[in-house]
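Heads up, there are several structures right after this.
First chain A sits with chain B, and in the next complex the same chain sits with chain C.
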Partner chain A sequence: MPELGRAALLVTLGLSVYALVAGAAAAHMGRRRLALSAQNALVASFVTTAVAAAVLVAALLRNDFSFTYVARTTSDALPTAYTISAFWGGQEGSLLLWLLILTGFGAMAVRLNRGWARDLIVWVVPVFAAVSTFFAFLVVAVASPFATQAAPADGAGMTPSLQNPYMLVHPVLLYLGYVGLTVPFAFAMGALLSSRLDERWLIATRRWTLFAWAALGIGQLLGSHWAYVEVGWGGYYAWDPVENAALMPWLAATAFLHSVMIQEKRGMLRVWNVLLVILAFSLSLFGTFLTRSGVVNSIHSFTQSSIGPWFLAFIAVTVAVSLALVFWRLPQLRSPTKLESPVSREAAFLYNNLLLLALCLAILWGVVYPMLSEAVRGEAIVLGRSYYDFFLRAFGLPLLLLMGIGPLIAWRRASLRSLTTTFRGPTIVALVTGVALLFLGAGSSIPGLVAYTFSAFVLATIVMEFARGTRARRALGAASWPAAFGSLISRNRRRYGGYVVHAAIVMLAIGVAGSSAFDRVAEAKLAKGESMRIGDYTLVYRSLDERASSNATEIRATLDVIRGDRDLGTLRAGKNAYTIEQQVSNEVGIRSDRLTGEDLFVIAEQIDADGSVYFRVFVKPLVNLIWLAGLVFLIGSMITLWPDRREQRRLVARAAEVGIPATP
Partner chain B sequence: MTLALVLAAALAVACVVAVALPFIREPEPESDDLADLGQGEQHRLELLETRDRALSALKELEFEHRTGTVSDEDYRAQLGPLRRDVAAALQALGRELREGRPPDERN
Partner chain C sequence: MARNASPARLVIALSVAGVLAVFLLYTSIAGGGNPSLAPSELAGRTGDVQLAGLVVGPVRGDAHAGGLRFKLKDISGDSRGSVGVLYTGSVPDLFKAGRHIVVDGELRRGTFVAEPGSMITKCPSKYAPKQSGDSA
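Right, the complex of A and B next:
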């Protein structure tokens, strides 16, 4: 039923245009029924987009190759799970997913806040509608998922690297993150347009921003693990433009989540916060542009298309209009309070913001430089790994240290004596750790050693904060130590959930430093029965076998793994040759040591006809901490996202005092 | 094809009804004005936010002093200004409630 899909998207476009025009007119003229009508149009646009999405899913499941999109992204032999993931595996489908999430988030955000922020919502609706109009236009006129053709006997299949369980979740999480950043943007623009620059837009969007940020963070970690196990080059992050495209809005959103606390606690940085929201949203659009336009060469960028100019134009209009609005409302955005001391929590958060932004902009420059150099000089000059690594160390290491310092300094002003007392313990822990690691041989990488030392410092401050807080709660009357600990977290979820997230970032830093600064690599061409050594591992190549799966021929080399005198079993690495797609993928062998977090990572680079195999082998210390950090990050994010009844009651009471419906 | 077109037409009609619903429910309302926050309400909201911010800062200072994150010296230095902030916010709110209008409306 491609006609139903096309018609549903056409209705979505009509509803979005109506919500934009009617919503803006209602807000400008103060017309209640027209404003409600525009809100209904936004909600209805979600329903019509969902109908279009259902049509595409049905076509995918039926292998209806009369849909050009289905024929291009799937085949009869493709397993069902990957057939469903083809929804977001191609350009048209992923744009439809953008639109589906956008209209869904828009409808939900408007319905949840239309009571207590009604004067704000009337302007939020046309902003949402403007963004959905753009995406609806793209899927109607530029990249329709419902184009049809004479059905071929079979489809072209899916890129082999996408045939991985991670692809069922990773792209969806990234899209939830990208699109989720539209919510704070729409409310910020709504606040500017309506001149309602009180705290409500921040309160209304706080959890949305956290959700989008958490989804982007988890999505990136899953993507890194996908690259690690599937792409088969021996790493997990290559500073690829499309990887960077997801990292940049995450960094901007991280900066916003910190600076928004300064606005809430001290009433400062109001212009800065709006600018960060604009930056995060623009970068999420830029990220989608990079992934979908085919403008960059990337293992993640699967398409060449004509949507690039549309995206660039939309990003340019978004940035220009947003900045014009900020400029227009500048007098109302001025903060009544000023920074009292450079040694205070707000100052530390500001330094954190500057470093995050500097890192974000350095990465942005690295991404756009090849495009600019190609446009100006006709030659794409790619900035390599050393460029990014330099800035990661230059800005990332001070950021790591600030994670330990910031939360422990007093607001407004901190005395030298107070700083000395507070940081004495963590500093001793860090120095002892650093010296011990130096003696253990970690001095071979100074940045790695510094990262470990700073990590020890931050972990010590986190443990200290939890210990002190629990002790204080116990003294305030908690029945037991576990009760005191539970009460500490439940009474300030943002703060203590934030510490858990900080612990996750520290684990990530330790994992990255360990696996990149202290890793080892060995290469050898082995015939059956021959062996190679790496560190204290010995690998013996035993056999080569081949089997046919539903959509590929799988060739695997089996190696015995011995460490010292211990036989650790076997490891298999090889290649898959995909029949329909006519492509070959590396299938790596990984042995994880759960106790030390170390991986033995084997790539069968080349398999010769005589059965000999060229192996590349890595030993990656502590790499599993990176994946464990993802779990801790998720727990911390859930703690911060969990609804806070005390805060709700406070907001209800405040709303009641002004006489507005208290339904945040 | 025909079924698809019928479904598409039904979807379009349902959307038109949803969009027109506010006008169908209230063809001749007493007032069609948006119940916007008045200047007074907006001003009071901002004062309430200032009050809550000051109270929250005071509460946080107390807790951080209790945990030891804020030293006695910093606690003593900050307690006075924070209490003054709370008092000023409460006074401004009281004035606003008594007079019922923001200063710029009274002028």
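Right, the complex of A and C next:
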């Protein structure tokens, strides 16, 4: 069996190299049949990679510990679901998953677009092949998932905190996002190489970028929720390098999704868009490098491994080659139109891009600073939480405001009069909200107050847009209000899906500001019967009990929760002591208020032999909006992603109209 | 005529880049940021640092009353440069002898006094090959 896996990967490598060499030669010399054969090689490499993946899954399911990988990541007692998740739990397996998704996406993207963008596709194929050659080389020569050994009696098992339903989905979504960003990158490079620099590469990859971006976003929120309920330190995001590794490409992709609209509508920002795609793809490679190389102190650094230098070299080559290509094609990338006014939709989108990029680069700087300072000063300097928080406020708050302005401001040049009529309503709503909140005591955190005021502004613009559009559709003859609303969304999925995503980001901002700027914390050591107060909650420590489950001893403290004079029932918090793994984990108690979205979050930090417990308690207002935002984000992404033939035809027709002549 | 707008865009980009550069320089040099050191590099250092090392038992005391006391040695394994640590506040689940941890704080009369609640532990990973410290 391992031989089959190894052979399949070797064939994948061969096919990738062939698709690279033959594809590039075919594109260069204009040989159609050779180009087709390179395309077929790319598709075939997906099949052979799938065979290798099937071998690994089979070995995991059979608990075949003669596979070193299986022995290291699973054990006999591990439930089946987690045995499968071990596929992407270890390094070799996750590289294989990467290769599988990459070849699959490549084959699909090429087949879907080869009808109408053939001259572009011939160069896209060798770019895909170059990336898959790298990953295939890694799994063949550097980190093979099919290494074998004399089978031990049992495997080493899986860390308890990873035996969690979130780990079935969260890593896969992140990989889909990371790898998905290869598609726009390959098409951008294909456009540069083929000199077909019209908008077709954007139209061909729009959904792919959206999909990758949505997967990255939802993957990260799931990771945050996992950290919040399972890791038990009272937070959901720690600006850890590995968390940042996923956030940075997401920010770059967000900027790209917005600037693409400017290129589609006005033909501007062509160089900028190509650069953003290169940045997003390089950051997704860099993310993998950070996660897997162990160069920075992170709570996630899984392993110090041998693939680090390979990745660094590949990132360097990718950046150098793609920048050289951009430079080479610079004369053809000149935009036919220019920015006409600093107060226009184009300009608003440009500011949005600059801010997103600034935030992304500030985070990147924070992540690499320890390495840079070590190289320059011989001493690693670590930038803490305050650094990131500062830049999140400095760049994030203006971004929030722009989210309300950008979609509504006029194209080309906005007059003062039109600005006043458009934004009078939302501004009044925002000011009233701000003043009301100030009276309610939200002035304790100025950034929090600003965030809420801006959020009110954006929500008002979104509601206004939906109301106006629905009214218009009703006037145009929709049978009922719900029908008008439905047809509004289905006739312009991109726009209204975008508004839904904006609403999700506002909810996220409100949740983050509420739970961080306005949270409260209290700690106390309590003996049984004693109580503590936090805000208007009173907690009474009642009892401590212990019970043995199949793999752990579970100790739980029971607390009565009283708010004002209302009894809210009990809450349990404690620790699990895992017998085999010899690990202890906090099991926090969370009481969510469905009406206000506030959480009471109890950690039993230390349980003493005499039964007294040291409790740490948080009150986090509005934190549940963050998770709800994830759901709204998903709905909005689905709306924009939903296949829309009419729109695709329109875009294709327009690209053909403005397109650069298809002769070399 | 249309060309006149192009410098405007460049100006926006450059000014934003400039502002960013100033902020970055300010925060990274004047503001935040602590050196990250191993226990053996600690001797003679003053001021706040981040200390990364391997926990050496015995672990004594109470993190919420009087403080937890233990030693840290270099992750690379040399125990000659080990230093005593006094820690108060939240103790992560994974803390125990043999683990890699990171704490902020400063050296005071030979003992590293950690800032309350600053400890983070690294995820031990069953995926990784066993490291020398994991068996401790």
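Worth a mention:
Heads up, the rule we're going with is that the second predicted complex is superposed on the first by the 638 of 664 C-alpha atoms of A that agree within 3 Å, B and C clash if a C-alpha of one lies under 4 Å from a C-alpha of the other, contacts with A are read in each partner's own complex, and residues count from 1 in each chain.
The criterion applied here is as follows: contacts are C-beta pairs under 8 Å (C-beta built on N, C-alpha and C of every residue); 3 or more make two chains touch, one makes a residue touch a chain.
Predicted model, so just to flag it, every value in this text is computed and none were measured.
Looking at the shared chain after the overlay, A:362 reaches chain C, while chain B stays out of its contact range.
By the document's definition of touching, neither partner reaches A:258: not chain B, not chain C. In the superposition on chain A, A:502 makes contact with neither chain B nor chain C. Looking at the shared chain after the overlay, A:556 reaches neither chain B nor chain C.
By the document's definition of touching, neither partner reaches A:329: not chain B, not chain C. Shared-chain residue A:170: touches no atom of chain B or chain C.
In the overlay built on the shared chain, the residue A:36 is in contact with chain B alone; chain C does not reach it.
Shared contact residues of chain A with chain B and chain C: none.
Taken together, the chain A residues at the contact with chain B in this complex read 1-4, 7-8, 11, 14-15, 18, 26-27, 30-37, 40-41, 43-44, 47-48, 51, 118-119, 122, 196, 198-200, 264-267, 408, 410-415, 417-418, 421-422, 465, 468-469, 471-472, 475-476, 650, 654, 657-660. Touching chain C in their complex are the following residues of chain A: 72-73, 89-91, 156-159, 161, 231-233, 297-304, 337-340, 342, 350-351, 354, 358, 361-362, 365, 369-370, 373, 379-384, 386-387, 390-391, 394, 523, 525, 575, 583-586, 603, 605-606, 614, 616. Taken together, the chain B residues at the contact with chain A in this complex read 1, 3-5, 7-8, 11-12, 14-15, 18-23, 26, 29, 31-37, 41-42, 44-46, 48-50, 52-53, 56-57, 60-61, 63-64, 66-71, 73-74, 77-78, 81.
Interface of chain C with chain A (complex): residues 2-3, 5-6, 8-9, 12-13, 16, 20, 23-24, 27-28, 31-37, 50, 52, 62-65, 90-94, 102, 104, 120-129.
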